[in-house]
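Consider the two complexes below, in which chain A is the common component and chain B and chain C are the respective partners.
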Partner chain A sequence: MSDVYRMPSLGSDMEAGTLIEWARQPGEKLAKGDTIAVVETQKGAIEVEVFQDAVMGKPLINIGDKVPVGTPMAELEPIGAAETKAPRRSGREAGTEIEDDERAAGSPAPPAPDQPQPARAAPEPTPTRQRASPAARRLAEAEGIDLARLTGTGPDGAIVLADVQAAAPRHAEQPPSAPERPPPRAGLDLAAMRQAIAAAMTRSKREIPHYYLAEDIDLTTATDWLARRNADLPPDRRLLMGALFIKAVALTLRRFPELNGFDRDGRFEPSAAIHVGAATAIRGGGLVAPAIHDADRLDLDALMAHLRDLVGRVRGGGLRASELADPTITVSSLGERGVDRLYAIIYPPQVAIVGFGTPRARPWIIDDAVVVRTVVSATLAADHRHSDGHRGALFLARLAQRLQDPDTL
Partner chain B sequence: MSTETIRTTYREAVRAAICDALDRDRRVFLMGEDVGRYGGCYAVSKGLYDQYGPERIRDTPLSECGFTGAGIGAAMGGMRPIVEIMTVNFSLLALDQIVNNAATIRHMSGGQFHVPLVIRMASGAGKQLAAQHSHSLEGWYGHVPGIKVIAPATLEDARGMLWSALEDPDPVILFEHVMLYNREGELTADAGPVPITGAAVRRAGTDLSLITYGGCLFKTLDAAEELAADGIAAEVIDLRCLRPLDDATVMASVRKSHRAVIIDEGWCTGSLAGEVSARIMEQAFWELDAPVGRVCSAEVPIPYPKHLEDEALPQVRDIVAAARAALGR
Partner chain C sequence: MTSHMTRDEMTAIVREELTNVAPDLADETIPIDADLREEFDLDSMDFLNWITALHKRLGVDIPELDYPQLTSLGAAADYLLRATDRTKSS
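What follows is the complex of A and B.
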């Protein structure tokens, strides 16, 4: 019996999503965690993943359809049940098929399949952009036809309407359609993101009784440690203080489960795993806080690599669904912006957010003497329904201790 | 409507329209340079001076600004003047009267005064009249709110649009392309008024839309004929009314054909063709199967020598080439 894949919720503020493309075709195998489709949300185009091993079944919605969360998108068949079906061509498992292709083309020496031919004399700065007319794109979207599979016969080799109609015969005689709403645009829609942020933050300030605590933390030891560690490393392998903050928060949270999890209709649902959302600004406005999964169990280099990767994908698109929906707490660091401290707003349904200001040289008292130390102001905003200031204060104190001993991070 | 037709020319059709207006309405009169005793520089008003007399067929001094202003005053005073300006190039001397006065008085008087004036002017190239008598500045007038701009290309429109223009309570600029005056054809004997709103589909087709007006209409129809020989069914749209533009007819055609080429004897930069193209992009982008093409005049002052003049203007071969480019073949 087949199962269905439903439009996932990629955040408590998401009501619906638009299918942009299928990552798999019917008959292809999916392992748990594989991307099945790309969905457009107010946060941009997100790759959504399957939660089970399965074989891609019949699509139940069309590309371009906007459907509410929970709507069945495609059938999923158990592994094995679909083995008899005609296998689909896929670059990854297409060894024999590629051979067939090469034989058909009469090519004596097949090139490595993962080495795309360099585009000869292509003046386009973005060679991945498929030249296709607006009319062709619209029909392809309506018909669920992948433009990448078509060969263009129009001006300059562009894919034109006739090429798509040839691939969708039942539409060959389609009468001219009335002007209608343009199809949804893939990629990041900053206006929609602004709306999403507005909705989430309004809900947060309306529903969540925040309490705020601040603690100045001596960061001299950690700063020196970081400088020594980075001294001989090339820039792309250096650690940033932000990674230390995330790791320290994650480790400290192990002892403060009431700050790590979700509010579910007023009841607290703690999370065993610690997925730290790293608030990341988007050029042009807006921000997202995608998860660094199991941040407490990653070593610093791995965590840093994740962080770099996330920031790159926030700016270039391609965040995964789990990265948006999974954070159990958020860390927001405005260190580079030069503020002393920030009072952050909790991102529902999370119950806490930790903020870091700019580390600065400040007068600090050690053993009754005033000395100059590098100090950062850490803040905690937490949901008073699920924790109290007493525990919050202990959390910040433990966090401060953690940061005194970077070797343990 | 009678099926009886008469053989006539565009020039005679315009003259018939003027006579009809003079006969119908005592307030109508014609004035301009050499329209009277000389009979008009393109002989449109030949014979009218003797027929209607100097009160109604009035020769004016060589001052476009002066007599256009007089026409505006007469219109505001209750008359229905037809002002003839020899060519659109000379109308630039009257631009202040047309743009600052005729187009604005209704607005600036809060609707108390209106200017029921018709200005006829010849435009376009092809007669080796060189760089000061050959231009197509319809697009400039099409830019200005407060006036209507029409460009009859067929005999029916030449015969019928003048009366509708005179009936309009606001100023109307009527362009007559110089290469059309000698065009001969059949016109129904009782041809009457033609509305001055809306484009006309002059040839139906499904493969692409050729959008044009005025002097380029017949070149475009010839191009469509040539394309048909290759199995390409081009639709030809005659805009006729350049302000306001008939978006609905253009978009309906583009939605059917998915490709558009605009043929405009004006220069490409800042042209009417550019305006039509922009509207197609705004209103029918998702229907397009190819970039919108334009065939316009070369961006030079129109040359005097015949071969260079021909080279500077949109020709049938250019239209065919642009149509093929849009179709990718």
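What follows is the complex of A and C.
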């Protein structure tokens, strides 16, 4: 009995995804968690994974197809049953499918008879199947540019917005990279990401009754602890304060399950696992908050390694679907060049977000004396349908205590 | 490996490692004296990854206390030239 792999949802704001490439050919084995395909979404090109051991079966959609979440993408055969029935579609290899102009003749061909008709999105603006990001297609259509004429600089030659802008007459005289705005990165469509953020944040502000709390936290002990620790270590083993923040939030959350989980149509679904989304700003605009899985159970070195890896992949591409889809809470940290306080907006369907401002030297009172300490303002925005300010305040107070004792993180 | 490297050669290494850790800056024209954090939005993780790459490539120690000396490509090149000299003479 074969199963199907469906277009996964990578967040409540995702409605559809475009297949960019298959990571496996029919007949090849997939272990649970392996990447089966790369899908372009509003958050860029994302590797999507299988949730069970299986053998890649027959593809049900074509490279370049944009299909709604839940649409069957490929058949999955049980392990051991596939060798005999793995159909190889006309001998095409993944690498060559990209250039494959299946419908270059100008009139879209109907799907092959043996393929279930995938629920297709709006008709493609161009007749060719050259791979291109949605924003690139929109601009190409508006400018009357034939995508097949262009050379893509995206992943595996996909055409990105910058390629179309370079070819567009009205952009022709512009230098390739205007200094105030870096060109979109390969596989990342900043305009589409802007739309995704807009949709998620509009929904959040419309549907979620936020309450906000703030607490100034003496960070001197943690700062000194970090400096002492890093002083003896080579750069690849040094920690950043951001890793301490994430670990402290994750550990504190164990006692506050009402802040960790999801809103499901107004009902709260707590999460046993604590997956902290690490909000990461993208140069040129936009942000993503991929998850550090089980952050409460990782030691600081492991957590830091994950954080480094995530930021590297935000910059260079290669975020995985599970990382985008399943944070149970988000931490947003302004870092060294920000301002005092950050009042964050909850990312639905999560129910809380913790913000850290920029740690600074500030006057602080200890034993009736004013002293200079390194202080950070932590904020909590939480969903009032599922928790109350009293508990939220206890959470922030407990978080402050945690950060006084960095050895326990 | 690093003996008698010129400032231009060191600057090229510094620039190359920067765009390795921040590929989205690869197409930028980064002036040699531009403040990388202020003008090119290098965050603390990017900066640490850059330091890590330079440490691995050049074998010089770059303690946290010295971070303020590596604000720009040129400043970093000068710092690393001094550091490699120290490493050789010690």
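The definition used in the following text is that the second predicted complex is superposed on the first by the 305 of 409 C-alpha atoms of A that agree within 3 Å, B and C clash if a C-alpha of one lies under 4 Å from a C-alpha of the other, contacts with A are read in each partner's own complex, and residues count from 1 in each chain.
By our rule, contacts are C-beta pairs under 8 Å (C-beta built on N, C-alpha and C of every residue); 3 or more make two chains touch, one makes a residue touch a chain.
Keep in mind the model is a prediction, meaning the values are calculated, not measured.
Of the two partner chains, chain C is the only one that A:R238 touches; chain B does not reach it.
In the superposition on chain A, contact of A:V160 is made with chain B only, not with chain C.
Within the superposed three-chain model, A:A227 lies in touch with chain C and out of touch with chain B [touch as defined at top]. After overlaying the two complexes on the shared chain, residue contacts for A:I61 are found with neither chain B nor chain C. By the touch criterion stated above, A:A302 is placed in contact with neither chain B nor chain C. By the touch criterion stated above, A:A192 is placed in contact with neither chain B nor chain C.
Looking at the superposition, the partner that touches the larger set of chain A residues, chain B or chain C, turns out to be C.
According to the touch criterion, the shared surface of chain A, contacted by chain B in one complex and chain C in the other, consists of residues 176-177, 179, 182-183.
Only residues 176-177, 179, 182-183, 185, 227, 230-231, 234-236, 238, 240, 242, 281-284, 307-308, 311-312, 315-316, 335-337 of chain A touch chain C when the two sit together in their complex. In the complex of the two chains, the chain B residues touching chain A come out as 251, 255-256, 258, 283-291, 325-328. Taken in their complex, chain A has these residues touching chain B: 133-138, 153-156, 158, 160-162, 176-179, 182-183. Chain C contributes residues 21-25, 27-29, 37-38, 40-41, 43-46, 48-49, 51-52, 55-56, 61-65 to its touches with chain A in the complex.
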